[in-house]
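So that you can tell them apart, the chains are marked A, B, C and D in the order they are listed, and the count of residues begins at 1 in each.
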Amino acid sequence: MDINADLGESFGRWRLGDDANMLALITSANVACGFHAGDPTTLLRTCEAAVAAGVVIGAQVGYADLRGFGRRFVDVAPDDMVADIVYQIGALDGLARTVGGRVAYVKPHGALYTAVVRHHAQAGAVVEAVRSYDPTLPLLGLPDSVLLAAAATAGLPVVQEGFADRAYADDGTLVPRDQPGALLTDEATVAAQAVRLAPGVDSICVHGDTPGAVALARVVRQALSKAEIELRAFAGGG
Amino acid sequence: MDINADLGESFGRWRLGDDANMLALITSANVACGFHAGDPTTLLRTCEAAVAAGVVIGAQVGYADLRGFGRRFVDVAPDDMVADIVYQIGALDGLARTVGGRVAYVKPHGALYTAVVRHHAQAGAVVEAVRSYDPTLPLLGLPDSVLLAAAATAGLPVVQEGFADRAYADDGTLVPRDQPGALLTDEATVAAQAVRLAPGVDSICVHGDTPGAVALARVVRQALSKAEIELRAFAGGG
Amino acid sequence: MDINADLGESFGRWRLGDDANMLALITSANVACGFHAGDPTTLLRTCEAAVAAGVVIGAQVGYADLRGFGRRFVDVAPDDMVADIVYQIGALDGLARTVGGRVAYVKPHGALYTAVVRHHAQAGAVVEAVRSYDPTLPLLGLPDSVLLAAAATAGLPVVQEGFADRAYADDGTLVPRDQPGALLTDEATVAAQAVRLAPGVDSICVHGDTPGAVALARVVRQALSKAEIELRAFAGGG
Amino acid sequence: MDINADLGESFGRWRLGDDANMLALITSANVACGFHAGDPTTLLRTCEAAVAAGVVIGAQVGYADLRGFGRRFVDVAPDDMVADIVYQIGALDGLARTVGGRVAYVKPHGALYTAVVRHHAQAGAVVEAVRSYDPTLPLLGLPDSVLLAAAATAGLPVVQEGFADRAYADDGTLVPRDQPGALLTDEATVAAQAVRLAPGVDSICVHGDTPGAVALARVVRQALSKAEIELRAFAGGG
């Protein structure tokens, strides 16, 4: 089982997340690419730290919306989406390679993640971008999403993920962030959800920007270990 | 002799330059990278067109200043500059590779080009960025600039360029754009300057965003041809 | 009858529209506010020119999306929308007042214009923003839109507008720009549509950024004049 | 004596400073205007809180450089600077007025603050912007700066300020932030410097974004009170 979290989400003067401590607990780092978060210096430092910690680097691609932190749907046309996503992957990959790493997978962020569960045009554009950049790059997404179906059709490796600290609706989608109870914060609940989800997914996501994020990541890691589920990145980093 | 020009400088709804016609006249395209000009869709289309035309692609890196078109000095710290420039090269290289091209050289744009003639810290950062990305990438710059001296010291290939359509000061620097006479627009003058500069440089720059740019590029090409100077890109594109 | 057009849509190095010639033909200028187009210098110059031409200044508010020119829906939360719109109106009003003008009305731009035809939350936010800034400012919009209904309920003056150069769907909404035939370019067609719409609306919109925009504005003006429809701004400018 | 601090410096998802607690200690709030920090929603909430706390609102204008937090010099041309600054003041004033406040003074931020100590063109542009917006608005700056001299010549009210928590060089300028010892963090030192500076200045600045900022503001307030220096905003807020 893999544990992934969003890293590199600081921007200039503004700090977000406790990346240093998260890197000791996760196996895959979804590193922002500058469109919804992460300036180039932050991204370079994050890649350096991930390489040093032996954590695999993924490109977390998002809408070009710093003010909304990529959490607002933007009606981007497919052609623009393809170019935007290749641009983001290439930028992060370039930075990662200068410090001995590389982008080893791609994960959509925020509102784009939610959109591509059902939005065929944007899901197809994300898949086309990854395929045209490197058809061996795995794409992370929600099980049963349009994104993963399109990725599989295109021959991309797909990684199904579950969220330890987000509430699920009955249809298997995530409860939107602006609804009460969307974020799970009780350690025992989060740990139990991680173990429950594990058999059906390839990676467990824990969030990096919430209060207590590090503590939650730690209990998830401990709970998986106690359940004798081996921790291992799904992708090779080098 | 190589002829280079700035391409891919449109942004979203705003069109700039006649890239299609310039591609028929130049051997190397300095393609913007999104910081001072060029949205990802524009950059992807420009790379496609350059590949189709057999024109070599270079990354034209600049200050993150769309409003100023990269023509205003920004006092960027060296660490940030390194990361910014790797980010830009990686982004463009990623786009170029999806259409069968690649970034084959790097050229600073606008106020950054001017700054690194004398600004040691920023020149060093540009060199360090290129070296860390790919130490075989040539760096274009002004002869006798701090940039090219630092590049040579770092073992990067250097390409000295002359400007067919810019006036030179007595010290060999370019007359600043905001001064009268900075831009040469007379075809005969521009053609003569190109031929005069040719023996001392590796590449002749013509500008793509000025009125009559295509006509000037054409007379430069014709003048070099008439002077029996062979046209050939200094870098391989594939 | 009033004729309005979008002005001040240049951004930095990028020029768009023939504002000088449009100002001689229209009575109201929808001036961009920097979020979807228009840098502060452009806006200041546009206000100066509008004041000199005796053309009334309106604030054309939009999504914060330069790359998409405000033509992509962004799922902005109502609280953020209120603040964004007050910010834009205040910024333009501040500039206008330094040159003897003022913002005399408000018009949503692009995808926001389309959204508030039906999107209650965003329409309500636009109305709340205008009301909180100045409840005497008229709001321009599509007849029968949610926006104008909400504006009327809030006690704002409403201005119903028709589009001379856009195709209408049967339900009275505009044919989306990405569909064939959305933009009318035949002068006779545009002129006839302006005269046909005139009895039912308070203002006729002509676009400023299309090829032939000035010519179309001229035929609209001539057609209205020939039909003995008096041209007059709906709002006072001073 | 007035105590001022920088507020409203959060941006979207990124929080900065403890504005709520600072408002209980200061008499004037330098509120960011969106160019170097502060999204419109943040600015609106900050103005609301300032009005509720009886704290006077000033427009803290800066370079358009979110990534650099306005702390990097940008070589903005005077005409652009005038427009940029009027835009910022107008935007914040518009927001402030919707919640019962108004912009009552102007203070340059970061690298612009430093630049206008000596940079005649940019200082003149700041003065021209404020004068054209409202010639009764006081301008805050460093004693003996080019800015305050130009403001006085233009007839603007000037407010000389001292910094309780910044080290001074022998020439009366501030030690640059990137030098050791630039920021004072010892409470007794800061308190003593505030009392020492008080006779020569109209306002004491304390910083809002440093660790311990609230504690430092408290000791400054207490020290001034103990020295029987009356606390009072230099500008009226309503």
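List of remarks:
Rule of thumb we're sticking to: a residue touches a chain if its C-beta (ideal position, glycine included) is under 8 Å from a C-beta of that chain, and two chains touch if they have at least 3 such contacts.
Please read these numbers as outputs of a predicted model, since none were measured by experiment.
Against reference pair B-D, the listed pairs B-C, A-C or C-D yield one interface repeat, A-C (criterion: more than half of contact pairs the same by residue number). Taking shared numbers over all numbers used, the subunit A to subunit B interface scores over half, which places it in the same class. Averaged C-alpha coordinates give centres for subunit A and subunit D that are 39 Å from one another. Rounded to whole angstrom, the centroid-to-centroid distance between subunit A and subunit B, based on C-alpha atoms, equals 36 Å. Within subunit D, the positions touching two or more other chains are listed as 39, 67-68, 80. Because contacts link each chain to all the remaining chains, their graph is best described as complete. Every residue of subunit C that touches subunit D in the complex is listed here, in rising order: 34, 39-41, 43-44, 79-80, 82-84, 86-95, 97-98, 132-133. Listing the residues of subunit D that touch subunit B in their complex gives 64-65, 67-68, 72-77, 80, 111, 178. Of all residues in subunit C, those touching subunit B in their complex are 9-16, 37, 39, 66-69, 71, 209.
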